[in-house]
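What follows is a group of structures, each given as structure tokens.
Next, two complexes with chain A in common: one pairs it with chain B, the other with chain C.
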Partner chain A sequence: MSATPLLELRGIDKSFGPVQVLRDVAFTAHPGEVTALVGDNGAGKSTLVKCISGIHPTDDGEFLFEGRPVSINSPRDAAALGIEVVYQDLALCDNLDIVQNMFLGREKRSGLVLDEPTMEQMAAETLAGLSVRTVKSLRQHVSSLSGGQRQTVAIAKAVLWNSKLVILDEPTAALGVAQTAQVLELVRRLADKGLAVVLISHNMNDVFAVSDRIAALYLGQMVAQVRTTDITHSQVVELITAGRSGNLGLVEAGAGSAGTATGSTDTTSGAVR
Partner chain B sequence: MRVGPSQDEIRRQNLGALLRHVHVHGATSRAELTTTLGLNRSTIGALTADLAGAGLVSEGTPKETGRAGRPSLVVRPESARVYAYSIEVDRLRAARVGLGGEILDRRDLERPRGLDAGETAPLLAGALKEMHQSVPAGALCVGAGVAVCGMVRRADGLVRLGPTTGWVDEPIGAALADELGIDVPITVGNVADVAAFAEHARGVAAGCDNVIYLYGDVGVGAGIIAGGRRVTGHGGYGGEVGHMVVVRDGARCECGSRGCWETEIGEYGLLRAAGRSDARGREALLALFDAADRGDARAQTAVRQAGDWLGFGVGNLVNIFNPEMVIFGGTMRDLYLAAAAQVRSRLNQVGLPACLEHVRLRTPKLGEDAALVGAAELAFERLLADPLDVG
Partner chain C sequence: MTTTAVKKEGPAPVAPAPTVGNHIRDYVSRVRGGDIGALPAVLGLVVLCTVFAVMRPSFLTAGNFANLFTQGAAVTLIAMGLVFVLLLGEIDLSAGFASGVCAAILANVATVLGYPWYVAVLAAIATGVVIGTTLGVLVAKIGIPSFVVTLAGFLAFQGIVLMLMDDGANISIRDQTLVAIANRNLPPVLGWSLAAAAVAGYAAVQLLRYRNRAARGLLTDPITVVAARIGALALILGVAVYILNLERSRNVLFTSLKGVPIVVPIIAILLVLWTFVLQRTSYGRHVYAVGGNSEAARRAGINVDRIRISVFVICSSMAAVGGIVAASRANSVDPNTGGSNVLLYAVGAAVIGGTSLFGGKGRVLDAVLGGAVVAVIDNGMGLMGYSSGVKYVVTGVVLLLAASVDALSRRRSAAAGTR
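On to the complex of A and B.
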């Protein structure tokens, strides 16, 4: 637990034409912790992630990175800060091998030619640093990998660039039990190495298995961001579906006005019990 | 009047500390050793020379450091090896492990349920002979360690009771010594204790001094580390958390009692609750988790219920020991990952807020190998305590 969050968003608003998708959203991600971002379909999870990664510009609001105000206007800005996103569809090239995929578009060169030995070594070190033992050869084509292994490569690719914040969009959605377990352990290891991790998931088990904090979005509003040790399964489900649970979440259901989120910064255990 | 330790004792302690450091952290430069151990530069030089003379470490020039100045020599662990065994309900595993914790060679064997110690020892000895052929000449064997599912008497490694293996008073240590015919001490430990030891030394719990490692097999046991020390109790039988009674007059347990924790979260309990009482073994359990994931309602109910019970017991343990980390190993890993929401929810209800504050729930980093690595660590203990006396 560190005092300053790595990433802090304040009062983020975002509209697509007449549709307001995010209303006064506050969100924090701390180094060494997994923050789970949960919410129903259409709650604004993906939009929030796209705002963080610079794909969508925000209408209003503040970004603080390591305590300093920053502006993220393009994915390049986000990458320069050390923010990497692993999308659901993985964006890996089937016809390339693991090393080529991990360095795609950012290849190392020595003079005019590609520096294959260095790239291979860096890829091997990254995978070893994450205790990945399931991949046999780094020169395997990605098409020959299982779903869990692909997810592993995609995550390793995000970690390779000394990133500080890794955002994972439903990393276990299409995986079997054993592979899900591997990926969850990998997610946990990222945070244990000191990175801030944001995990988007619909699966409550995954959320509870690895997260330190849970942030719940409800119809574009952040209704609560609480520690995983202070909340139960059913409370999270209530927050997702109704926007409130006990004294957590929206003050008055259906009040609708912006800024009604109470637990938006960091609810203490006292607020739950 | 208390007399201070003699120079000889201090030297032995320093030798042990140095060897332990390179054993746990791998190759380390002399300069780093000087700062981490807080010893004089020339002392480190002399200690390394002694250890190198005994063939326990080697020194070499480091790769390009990229810094100015004469590079400090790197001290690497060398040649000393132990044999590690793990006796589980369904299988036997044997490995040759080098100083530094690397598994150099391994053999996995099936174990038909119901094999006693006298029948198990020759199988393990066979695996050892096979591995022995590929050992380079001059390699030093300093001991053997055994991890076994059951309650182990610390004094002599007698397995007093292994409810899940069906062992009662089986002298596995002695049987192995007879069969191996090698002149090294054999240390026997409970699998959960040993795995906790491994995770504490070089796994996910490195640097944590208060750890509970829950190991699930057919039954459930815990390896407990409190204040950096293993808590094994007076005779070495401590940590049998699977036999905490959680239901008064509950289901009958293999140990003879009723309502033990493992009747709710162990293999039999889970399979019974899912209506699969005739299935047995790890495979059946994984099939159950898979079915739950795919939406089989009965399997889901069983897994959720077991997760709830897991959280219940972990909550009690957290309140008693206030650990900073709880590790779920063996089948408990699968159960935790399949039912984390239930485990966490129940834990948050029964745990005291102060005790819960910094507790982290983790799965093992060494995975299946924790028992083998831990057994090797046990065997290395004597060497690390007094490096020059052994071998």
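On to the complex of A and C.
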């Protein structure tokens, strides 16, 4: 696998007022790999993603992007680096069509006028590149699409800009079986195209189906980041619910392989979100 | 004729070939799915015109046809601005009296201070911009609901008109250019050339787009449909200009009265301008986006507050233009200019035309179609001798009908999964 991770976070701390949500979190995402970010509700997954995408500033810690230290202070900074987030609620405009949604806020223009043909072509190429065959017409309003198709449009929107890191927040949460399989296939294809993909999910089947690595958060601490092949289903569940499993996880049980917690095992005052 | 345009093996997803049949089927299924657009307004216009023409033959005369335009002009112009505000799901209740304030400024600058007409017009429009900015900032930055902000404006502007009018005395407009806007006509030849230019311009835009898309292997509308659209526009403009160029004077020896009223090209130019802004610029795209899902727009990096302020600026500026036309038509400005039914007629025009009160859906053309419906009702019922009381009730009922069509089509499209 590639030597330098695309994104490396070291020692990230984040508090909202008196509540410390992330403590000393380390996280890496590698190009060509799907990294699953798991954790219980309130473990800090969403906060971590919002820190990466520049919505929340971090209190402390280092960001390395392609080995270089960077600072991400706004969503624009993140987008400039090639980091795109697909949120759970997708953020699509129902009254606009697929092309219009994909280019929203970054429309191609020739002079003052929107360059619709170019946008339509680029959208078609992107969707074709992702082997998406399910949409009938690119000029369909998003309101007429199914949940899986909307997810597809949202993901295609994220990869349209030659992005390098795509973060997907629970992409399959609201989908049926067939559509989930479709979206997971798409997630896999993104990684196979060389992108780094971070997949947030509660669904262990999804996680084991597509991910190369699993990063587990427990009450704001990164308790383990390991290869999917080196861990079992039940170990991940233990990491999510108890923060440790065998020799993985919080230091109480000895040296963790990836999670080097702050040493304190007093986690009860930890994250609420 | 089934025109299968030059479709190269493009990456575009395979869609049914662009035949006329498919085009019509698409349209029908869109309408059935609740996306009815301007259909009710067009049907309503046809029905109303037929009824009035049968009941009162004088409705169909060239003179009355010209009257319709000048009567409906101010309301239509205000409605065009309101479309922008409605697209965001907001409302501007102060647009009527904002037009009154701007008209009062116009009259004061032109008549009382004696400046030339263009200074007065600029002053009026600048007043509109200031009003719109104030309303927009209050709504977007402070977060007061637009209903409340503009209701406050409705009251306050009414007072400002009174103060500008020296407590009730009306000011007459004597500048001939200003009076001409709503009272004079274009020479018949100019009317024909403008109509020809409009058709030629429309045809050029449509054909260029067709060629451009076909050359890139993108899906196009069938050329027959494109040609039909151009033909329809040519027909409508041709008939309208022909009728307006007929002699309307009762006594030709005394005075000749023919030609397209000057307000008509003014409305047409503003219609084209604002349609261009909404449909073909990224600003317009962002207006629709904010109206559809403001959170998505914000995440896409669109400055939602700026869009929100800008639509109020456009609305109040268009209200200023409407005020200028109203002042010109009345030859004077009085404390009731922009008052009474103007605002509700304007909101009604936009909604009757098919602009949704829920935001995200609407076109500037809706304001013109709806404005025509309102003008026809007002004019036709006047000809039939009904009191203004009855006219208000009927217009109110029509507005209610339009709003329920809007709400029902929304429900229908929710059920059809197209929204």
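In the analysis below, the second predicted complex is superposed on the first by the 252 of 273 C-alpha atoms of A that agree within 3 Å, B and C clash if a C-alpha of one lies under 4 Å from a C-alpha of the other, contacts with A are read in each partner's own complex, and residues count from 1 in each chain.
Here is the rule we go by: a contact is a pair of C-beta atoms (placed from the backbone, for glycine too) under 8 Å apart; a residue touches a chain by one contact, two chains touch by 3 or more.
Values in this document were obtained by computation on a predicted structure and should not be read as measured data.
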item	value
Fit or clash - chain C, chain B, common chain A	fit
Partner chain(s) touched by A:Arg139 [first = chain B, second = chain C, both, neither]	second
When both partners are placed on the shared chain, which of chain B and chain C touches more of chain A	C
First (chain B), second (chain C), both or neither touched by A:Thr228	first
Touching partner for A:Ala191 - first (chain B), second (chain C), both, neither	neither
Touched partner set for A:Val159, first chain B, second chain C, both or neither	neither
Chain B versus chain C as contact partner of A:Ala178, first or second or both or neither	first
Angle at the Cα centre of chain A, taken between the Cα centres of chain B and chain C once the superposition is applied, in steps of 10 degrees	100
Touching partner for A:Leu114 - first (chain B), second (chain C), both, neither	second
Touched partner set for A:Ser131, first chain B, second chain C, both or neither	first
Chain B versus chain C as contact partner of A:Asn205, first or second or both or neither	first
Contacts of A:Ala43 with chain B and chain C, given as first, second, both or neither	neither
Overlay on shared chain A, then closest C-alpha pair between chain B and chain C (Å)	12
Complex contact set, residues of chain A against chain C	75-76, 79, 87, 89-96, 100, 104-107, 109, 112-114, 117, 120-121, 124-125, 127-128, 133, 135-139, 141, 143-144
Of all residues in chain B, those that touch chain A in their complex	204, 286, 289-290, 293, 333-334, 336-345, 348-349, 351, 353, 356-357, 359, 361-363, 365
Touch list for chain A against partner chain B, complex	131, 176-178, 180-181, 184-185, 188-189, 192, 204-210, 228-234, 269, 273
Interfacial residue positions of chain C with respect to chain A in the complex	10-13, 15, 33, 212-213, 216, 218-219, 280-282, 285-286, 288-289, 291-293, 295-297, 299-302, 360-361, 413, 417-419
